[in-house]
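Going by the order they are written in, the chains are A, B, C, D, E and F; count residues from 1 in each one.
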Amino acid sequence: MADMFEVALANLTSPVILFFGLGVLIALAKAKVEFPSSISEFITIYLLIAIGFKGGVSIAEAGLTADMALVVLGAVLLCAVIPVYSFIILWRIGKLKTDDAAAIAGHYGSISVVTFLAGTAFLSLMAVNYEGFMYGLPAIMELPGIVAVLILVSWIKEKNRSDSTQARSTLGRTVRKVVLSKSVVLLLGGLLVGYIAGPRGMAGVEIFFQGIFLGILCLFMLEMGTIAGDRLADLRKTGWFLVLFGIVMPPVNALWGLAVGVMTDLSVGGTALLAVLAASCSYIVAPAAMRLALPKANPALYLGVSVGVTLPFNLLVGIPLYYYLADYLIGILR
Amino acid sequence: MADMFEVALANLTSPVILFFGLGVLIALAKAKVEFPSSISEFITIYLLIAIGFKGGVSIAEAGLTADMALVVLGAVLLCAVIPVYSFIILWRIGKLKTDDAAAIAGHYGSISVVTFLAGTAFLSLMAVNYEGFMYGLPAIMELPGIVAVLILVSWIKEKNRSDSTQARSTLGRTVRKVVLSKSVVLLLGGLLVGYIAGPRGMAGVEIFFQGIFLGILCLFMLEMGTIAGDRLADLRKTGWFLVLFGIVMPPVNALWGLAVGVMTDLSVGGTALLAVLAASCSYIVAPAAMRLALPKANPALYLGVSVGVTLPFNLLVGIPLYYYLADYLIGILR
Amino acid sequence: MADMFEVALANLTSPVILFFGLGVLIALAKAKVEFPSSISEFITIYLLIAIGFKGGVSIAEAGLTADMALVVLGAVLLCAVIPVYSFIILWRIGKLKTDDAAAIAGHYGSISVVTFLAGTAFLSLMAVNYEGFMYGLPAIMELPGIVAVLILVSWIKEKNRSDSTQARSTLGRTVRKVVLSKSVVLLLGGLLVGYIAGPRGMAGVEIFFQGIFLGILCLFMLEMGTIAGDRLADLRKTGWFLVLFGIVMPPVNALWGLAVGVMTDLSVGGTALLAVLAASCSYIVAPAAMRLALPKANPALYLGVSVGVTLPFNLLVGIPLYYYLADYLIGILR
Amino acid sequence: MQLFTKKRISTIVEGTYVDAVVELAGNSGASGFTIYEGFRGKGRHGMKKSRGGVGDLSGNVEVVVIASPEVADRILRGLQEMMDRGIRLVVHVADVQVIRDHHFS
Amino acid sequence: MQLFTKKRISTIVEGTYVDAVVELAGNSGASGFTIYEGFRGKGRHGMKKSRGGVGDLSGNVEVVVIASPEVADRILRGLQEMMDRGIRLVVHVADVQVIRDHHFS
Amino acid sequence: MQLFTKKRISTIVEGTYVDAVVELAGNSGASGFTIYEGFRGKGRHGMKKSRGGVGDLSGNVEVVVIASPEVADRILRGLQEMMDRGIRLVVHVADVQVIRDHHFS
């Protein structure tokens, strides 16, 4: 079984995490290192297509199985459950406004592709294998949490006032926006292409989609670090309750991932990745969706806690922790 | 000899073509996946330099021969012939306006680098070899068709009115614009550098110019697909005659390429590539040139048929077809 | 010992230099080949991080030693000395205005990362090794020359007028700007990450940071070539004295690098690289700093001579020359 | 030369709501619009980066519409309503003149 | 502060014809121009993307010239002629004020 | 609709001095600013590329400030001073109207 300390150290000294840390430092030093926005956009496109493609090729190699369906089902369910209790905690205990509580809850119900990628980089550093179809999960787990929280909100508002028809039309538009968003389209599109092209197709493009992948992820992490560093300033406005929330919730949410992984017989690596996805908090798709659906929610709150607290927490502490727990639990239970 | 069905299937399941198809789907679904324009520009620059460079290194390896000169001569001639009969068909049978007919004809006389690259990707998938100097042809074949059609137009206009001096000055400016255009300069420049640097120079840059080439082409194809998908909407305006023209002409034009290839003793792969070039229809250099020289021609027509019809046709059907024909013809004749 | 002619030829036919030459040709032909600015920015970021990272990994492999401290000290000293005599030559002999003389002198006291990279590319072409920590020097050598010249100027102005407090506040702001500039931050940041991540961290990102490095440098050189070509037009304004200065100073300054290299027991490759750094003339950090600190100095002068004269001179003639001298001197003296 | 007076409305808006502004312009009778993206700025809601990056959550976009005074008035009323719904807009209007009257109506 | 009145002419034009517009401005006596590229828009000829991409066949470019009323008039006449030759332009003019009179003449 | 008259100051400046212009605007009482970067142009000092590239040594940047006439006047005086110190600026001012008076003061 894994040694906790060694695992944590391996994570903290991996280039992916170090570049993230460098980014945070750069932001705090207020140095002028900014990626041109077109570059960030392109790196995002590359990363999404590459993981979709790799996942598709893996599925083509392994074949579609009933087990996968079970994992997908579990993943969708956990995504729908997380925002419900998150919302109640934020609304009742944290005393946040309905819109703010809902927007934040939606972020935790959705997932962060960057955190997922850091998880895969960590596992490959530890030489831990996982099911290839895990690459397909991020695309599927973007949406359910967002839908869940919007239904919740429209249901609460229906009780109070009568702008429920507007809420429903907003729900429709938001779902459409997420389903056709770059993240989902490229992940699923890459998956499809990879599945049809198969290992034979992979041969010619391996250096591009696999060889340089980790290096490009490093650059991306550098930028994510500067963004997280910038967001740290927002934390003063968010208050301590939210900061605490951003640290406590990820491990709690990760438990759902561990549970689904154990129950569906995933490998240790697969279970750890599912926990990472459950614990992760969206910072691209959810903010855009929430801005559209809940214009009165304050972006400083949901971005501050998502990018300023939960993202760094998961990268620095969460990923090795969830892996350690997955390894430990499966060691005991199987 | 090649099995037609197998060849077609290999083409349709190659990543290059699948990404193109994904792009078309994305455009039709009106999903918001757009490459930043600076990225497309850079990928174009990369692809042009890379094929130029590879071609230059190949020529340095093989040495300059008299055979090459013969192929180049044949290639230039076929480029000058194609737009002449295309123009007459469009003008007399299709009843298009002079300017529109000329602009479209010019596109078919020029070539499409993307189609050429898809051809090379297809051949490497089929493990078919071809002459290295083929990489040098695209640069040479961009211009002659455009010049031919502009001379034709200035000649027709001279008979009618007296704005012939203006037409001639436009011709000069247009030729200058094409010769100094990014496509031609980078293709020829890359060729020159590759030729001087030779195999020894290739050693250090092989991963960049060769290893990741196909992967980058895949991303480019994704974008070309979205552009082609967008152009499909234009087809309603172009009318059925043009759609038919866009499907029938490529195989007809390909015959010239096959003929030149057979007569100049090119390999099967080289002959197929020459046919691909002849069949291909420009979508970067020619539109820019035509917009300048013939401002009254309607861009929706020439772009609609070039990018919306002929490009997809060549990618999906044309390339394997021309290869099959080259293989068959040379099998019989040699 | 190296054969001078062979060395020069190897340099001139390397892709890195050939692409630079191609860029110059393109600029002179006034062809429209321009890199989108976001791409140049990104390539710069990539190159800086990559050399920092490689340097850090090398240091981690070799361990920190007292010898390095000595080399760093020598490098800083030579950077501080060069602009002093450069200033006096420009001011007294060249009769330039104080501000212009100071601005140009500052450029020669700072360094050019591109020239350094061309030096490393040349050495790897010649299969010559050098100390890994050399990658750390550019970051350290950006600043001292700029500071030296600004102190000089503030000291001269203090004597003349009384705007010395303003001069001092400008010095502070300029130093801050350089220390937090992209170049320095990314070079040092990459170094730090590479040092902590070590060879184990390099494994996963080798193709990205090393495999494609030279190819990306080639594209960058192409652009640098077009910029140098554009700057050639400025030379008419700068006058012959400056052109001469731009050719004579690099070899003179290189001597300091050779001296430090020999005295600190650097390898032939390391000594050659130090000479290249000493001879090189800044074109990114120094211009920005000088524009801020000396707004009345004419940019056409310092950019014209730096990018239009010294950069091409070093690339075409200087690098092989300094290598030859390093090889020769160390052959005699050790 | 005869010139015709029009209004030029500039609206700086978060990327999320660009479609809403463009739709409003169309419904109000505008003949076209221009969308600028490569800029950043500061206002009541702090520094904003330009659109497109990974940090782009609600980056700045500018929509410019040139229209007749009547159409402009309808657009301004619509923008006012959007602001009332909590959407952040920074709007300014200027008088401009155009060569072809019909092109903008 | 003393300010001087000038005209600011904005011309949206396809990339292909930017050089022609710039040349016209120079020949008419303008002291300079500014060219904007990163935008997209819609008008009589459908949606247009910004310039530069692979889909860039005749992408939008904006040329802005600040000039004295006399120079502006010459430029406007030239633009009118270009339109007559079938080149698509979207032009608008506004009154602006500048600090240094001589810089713009 | 009630509209309020403001001044719109555009300043084209080398990248190096953007911070100085922005600071001036803030100190003069402006409520915000917008910075445009993706453009190139020509003036008294020859062709200038847009900011950001490797050739970017003092590339063009445009700062736009919308402010009340009094604030605008203070800004213009400050810009005048910068020019006197040898910093190159291209400035123009236009009258514009805004919906929310308080947003810009």
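Operating definition for what follows: a residue touches a chain if its C-beta (ideal position, glycine included) is under 8 Å from a C-beta of that chain, and two chains touch if they have at least 3 such contacts.
Note that the coordinates shown come from a computational prediction; the quantities given were computed from them, not determined experimentally.
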item	value
Other chains in touch with both subunit C and subunit F	none
Minimal step count in the chain contact network, subunit E to subunit F	1
Most widely separated chain from subunit D, with each centre as the mean of CA atoms	C
Chain whose average C-alpha position is farthest from subunit A's own	E
Of A-D and B-C, pair with higher C-beta contact tally	B-C
Inter-chain centre distance, subunit A versus subunit D - centres from mean C-alpha coordinates, in Å	34
Separation of subunit D from subunit E, taking each centre as the mean of its C-alpha atoms, in whole Å	20
Euclidean distance of C-alpha centroids - subunit A vs subunit B, Å	42
Geometric centre distance via CA averages, subunit D-subunit C, whole Å	46
Junction residues of subunit E, two or more chains touched	36, 38, 50, 52, 94-95
Residues of subunit C whose C-beta touches two or more other chains	35-39, 41, 207, 211-212
Pairs of chains found to touch, sorted by chain label	A-B, A-C, A-D, B-C, B-E, C-F, D-E, D-F, E-F
Subunit E contact footprint on subunit F (complex, rising order)	12, 36, 38-44, 50, 60, 62, 73, 76-77, 79-80, 83, 90-95
Footprint of subunit F on subunit C - complex, ascending	35-38, 40-41, 43-44, 220, 223-224, 227, 230, 283-284, 287-288, 291-292, 295-296, 299, 303
Residue ranges of subunit E in contact with subunit B within the complex	14, 16, 49-59, 85-87
Contacting residues of subunit C [partner subunit A, same complex]	36-39, 41-42, 45-46, 49, 53, 180-182, 185-186, 189, 192-193, 196-198, 200-201, 204-205, 207-209, 211-212
Residues on subunit E engaged by subunit F in the complex (per definition of touch)	1, 3, 6, 8, 22, 31-38, 66, 94-100, 103
